[in-house]
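Heads up, there are several structures right after this.
There are two complexes below, and they share subunit A, which is joined by subunit B in the first and by subunit C in the second.
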Partner chain A sequence: MNVIELNQLTKYYGKSRGIEQVTLDVKEGEIFGFIGPNGAGKSTTIRTMLGLLYPDSGTAKIFGKDCFMSGPEIRQEIGYLPSEVFYYDKMKVIDLLNYTAGFFKNKNSKVKMRELAEIMELDLKKRIEDLSYGNKKKVGIVQGLMHSPKLIVLDEPTSGLDPLMQQKFFDIIKKENQNGASVFFSSHILAEVQSLCNRVAIIKDGQIIKVDDIKSMREDNYKKVTLKGNQIPSDQFINLQGVTNIHHVDRELKFFYKGDINQLTHLVSQNSLKDVLIEEPTLEEIFMHYYR
Partner chain B sequence: MLNILKYELKLHLKSLIIWGISLVILAALLMLFYPTFGDDVALVDKMLENYPKELLQAFGMGGQLSLATVPGYFSFVFVFLQLMLAIQASNYGFSILSVEERELTADYLMTKPVSRSEIYISKFLASVIIMILSSGIAIVASLISIEAFRNGHPYDQERMVLLLLTLLPLSLLFLSLSLFISTLLKKVKSVLSLSLGLCFGLYIVNSVQTIVGGKWVSGLIPFHYFEPNYILENGELNTNYFMMYFIIVVVSIVVSYKTYLTKDIHSV
Partner chain C sequence: MHILKWEIKAQFKTLLIWSVVFIVLIFMMTSEFSAYYDNPEMSDVLEAMPEGMLKAFSMENANLTTTTGYISLVALYFYIMVGVYAVLLGNGIIAKEERDKTAEFLLTLPVSRRKLLFIKWLAALINTILLSLVIFAATTAAMQPYDLDQAFFKFLTQITVSCFIIMLIFLSIGYLMASVLKRYKSSGKLSAVLVFFLYLANDIMALSDKLEFMKYLTPFKYFEAQKILKEGSLDTTYLIISGGIVIVSMITAFIIYPKRDIKI
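Moving on, here comes the complex of A and B:
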């Protein structure tokens, strides 16, 4: 079953582009990565899914229900953590979290709130305005997860968290996922996506340019090839079908290769080289490849 | 919905206390000066005769009632109560919806399982409740201070109560109107300057209109709908303005509601 189904979702801000014909689906139980640089349309997609923005065309469904017709019902089971968090400054953390619990039907929210606050080392008695940015972010995590949502939507969630807290946060997300929650994880930090997600969509200039398994994206398609030698016949390699992203510096030739590996090894064997490296590209390198 | 309503009421409680105390002080101060006028009827009337009629009208002293009588004096000072409640109501109207966007808490609230319709209704209802309480305080405080300072001068209590009761519909009008304006504006930067601008602006237009005249303009000025001289002289509301009042309130509420329901909430 699909938890999220976006179909041809389009949103313009006046004349400027937000997202164009975004189509993707997230399956139940998976951690879905959504990557792209700032301004690519990640937040616009998420905000449209959550009913903060109204699309110009296309449909957005969560749990099989329309995001705009059944917004409140859907959001009963969504936990959202934005990149920038803002809460009512004059409130105490505990009051804000109790207020939050009041919106949800889940009766265990308050118990889980205490558990999460303890894990995140969050002082519930402080006023929001007295919290550091990192601590406000912790409030965000607690208020987003306290009702044990079936879908967790994260929009660049780790900014402002120190590495130790980031790790704790990822552990919590993994645990929620093991307990059945699906996760939609938007980020431009590829290492995070790589370590956490099952599938990933890449968005560029408001359009989805690739949706694939992280594994197949890394393994099946591209190999990163590095050749070292005094006289590399670069033309021969560059002309090989399936070679892209060529970097030729001094005695080193680097490129991505997607094609028959025997052709490549045949060519390699015909030349005198000092070293050959054929490796899996990192997600970052794949990402840069799509962004050229 | 109850969750937001409770939160909003709690939020406004402090402001209600401050406005309530101010209204009590104002009501007392306004009547405190009455004995000076009431005890020397002839002198006051003679003094006022020297002023041009238009000027007296502009300051609410153009009616048949003498400034030396309780109703005459009160209809002159009543505008201060009207202004105060109008400003309080406009403050809420300009802020209740816009505050979430200004302080960037809209993301928090609107991603919770509540519809925008529930948010709008809860916030509006909370403001209405606060304005009922504020108007109630103003009415009771005014009646007590009239009794305390009238120095035995007579007045028609029923008519006075009727006049004071109009403070509530006036507040509701300013609440709806400012809410309407706030949803039309791209961003509400300063609530107080907008509410002071709206209330004093309309008050000045009201004063100018009484001098210059122009009946169609008077239909657009809320202060005119609840003109104290008319109510105290006739013992009834001026029904000519009922329609206009309802049009302004209903259109303001309907348009602001519809606008709010379909508004895009942009990220930081």
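Moving on, here comes the complex of A and C:
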């Protein structure tokens, strides 16, 4: 069964493009990645799904029900964590979470709230206005998950969280997923999506470019290589199988490499270089590579 | 119920500030009244003033030396103040969610926008009732040194009810503007400007009989205190118009707000 079904969903802000004909489905129980650079239309898609924005055309269904006709009913089972969280500044965290609990039918939400707050090391007695950006995000996590939603919608969820908290957060998400929750995970950080998701959709300029298994994405495992030195034998590297996107400027050679990493390191070791960088390409660079 | 509780709590500080302002103002005004009360010389001074001037200050029928006469004079200031309070309240209670960016939190919870609108309206309504009670109580307390008869309380009740209805009208207008206009910043300013414009219209109208046709345009005209004092009751036509404004504003907000994009 599909938890989310978007069909030809289109949204314009006046004349400027939001999303165009976005079609995708998320299956029950999967963690679905939604990646794209900033401004690609990720948040627009999510906000349309959640009924904050009205589409110009197309349909959006969650749990088989129309997002706009049955919004409140659908949202009983959705937990949403936006990229930036804003709450009522004067409220204490505990009051805000109790206030949120009042909207949900799940009677266990207050117990779970305490559990989550403990894991995330969140001080419930503080006022929202006294919290740092990262701590507000923690409130968002507890608020979004305390009612044990069947669908978790995350929009750039890790911004503002330190690496330790990110890991805790991912563990919580994995656990929720094991307990049956489906996850729609929007991010511009490829590594996050790759480590967590089963399938992934890539959005660019408001349009879905590719929907694929994360496995096949992984097989396309490009590395970005930068070599620095006075005399780089560029021909040797350029002729190496799996090298693309070559840029050679002065004493620097940059390229994408997909292939046996030992062949590359062997070649590197035979040359006198000043510096070697082997990195994950940014999402933008992958876009440039694939969809130029 | 918990939403209503929170909305009332969220507005409480503003209500408190406005209540204090009203109480201070009422006591200040009535302290001045001691100079006029039962003072025949003051009547003579007023009678000697040109009619045009009295009209401009809405004093043409006011007898400053009586408690009811004095209240009828200061009522317009009450009206303006409650108008400003209500239009900002109505506008703010809706627009604050977008202004403070809390809309993304509140409107993604399992509650319909219509229900939220209704509860917010209810919270605002309770606020206006409370402020009306403050006005009534503060005026009664401030006028205690004088001989307050049944006629005074009847008139003060009518003025309080007028304040309440004026608040309802402006509440609905502010509410409508915040619901319909996507630009929450301009909706607040526009609402406040509207109150002053309508007050100005009320003032200008007093200067010329030719502008009589404008009387339906400004709610301040609907509850002219001196007319109420003279006739002993509120004008039914204006009450119906007031109800109409409130209902039309509410229905329009209820139709448009649930369908419009939320600015985040």
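In the analysis below, the second predicted complex is superposed on the first by the 221 of 292 C-alpha atoms of A that agree within 3 Å, B and C clash if a C-alpha of one lies under 4 Å from a C-alpha of the other, contacts with A are read in each partner's own complex, and residues count from 1 in each chain.
Keep this in mind: a contact is a pair of C-beta atoms (placed from the backbone, for glycine too) under 8 Å apart; a residue touches a chain by one contact, two chains touch by 3 or more.
Just so you know, these numbers come straight off a predicted model, no measurement behind them.
Superposition note: with subunit A as the common reference, subunit B and subunit C are in steric clash. Of the two partner chains, neither subunit B nor subunit C is touched by A:E129. Residues 13, 47, 50-54, 71-76, 78, 80, 82, 84-89, 99-100, 102-104, 143 of subunit A lie in contact with subunit B in one complex and with subunit C in the other.
Across the complex, subunit B is touched by residues 13, 43, 47, 50-54, 71-76, 78, 80, 82, 84-89, 99-100, 102-104, 143 of subunit A. Listing the residues of subunit C that touch subunit A in their complex gives 2-3, 6, 10, 100-105, 107-112, 115, 259-262, 264. Every residue of subunit A that touches subunit C in the complex is listed here, in rising order: 13, 47, 50-54, 71-76, 78, 80, 82, 84-90, 99-100, 102-104, 143.
Residues of subunit B that touch subunit A in their complex: 3, 7, 103-108, 110-115, 118, 262, 264-268.
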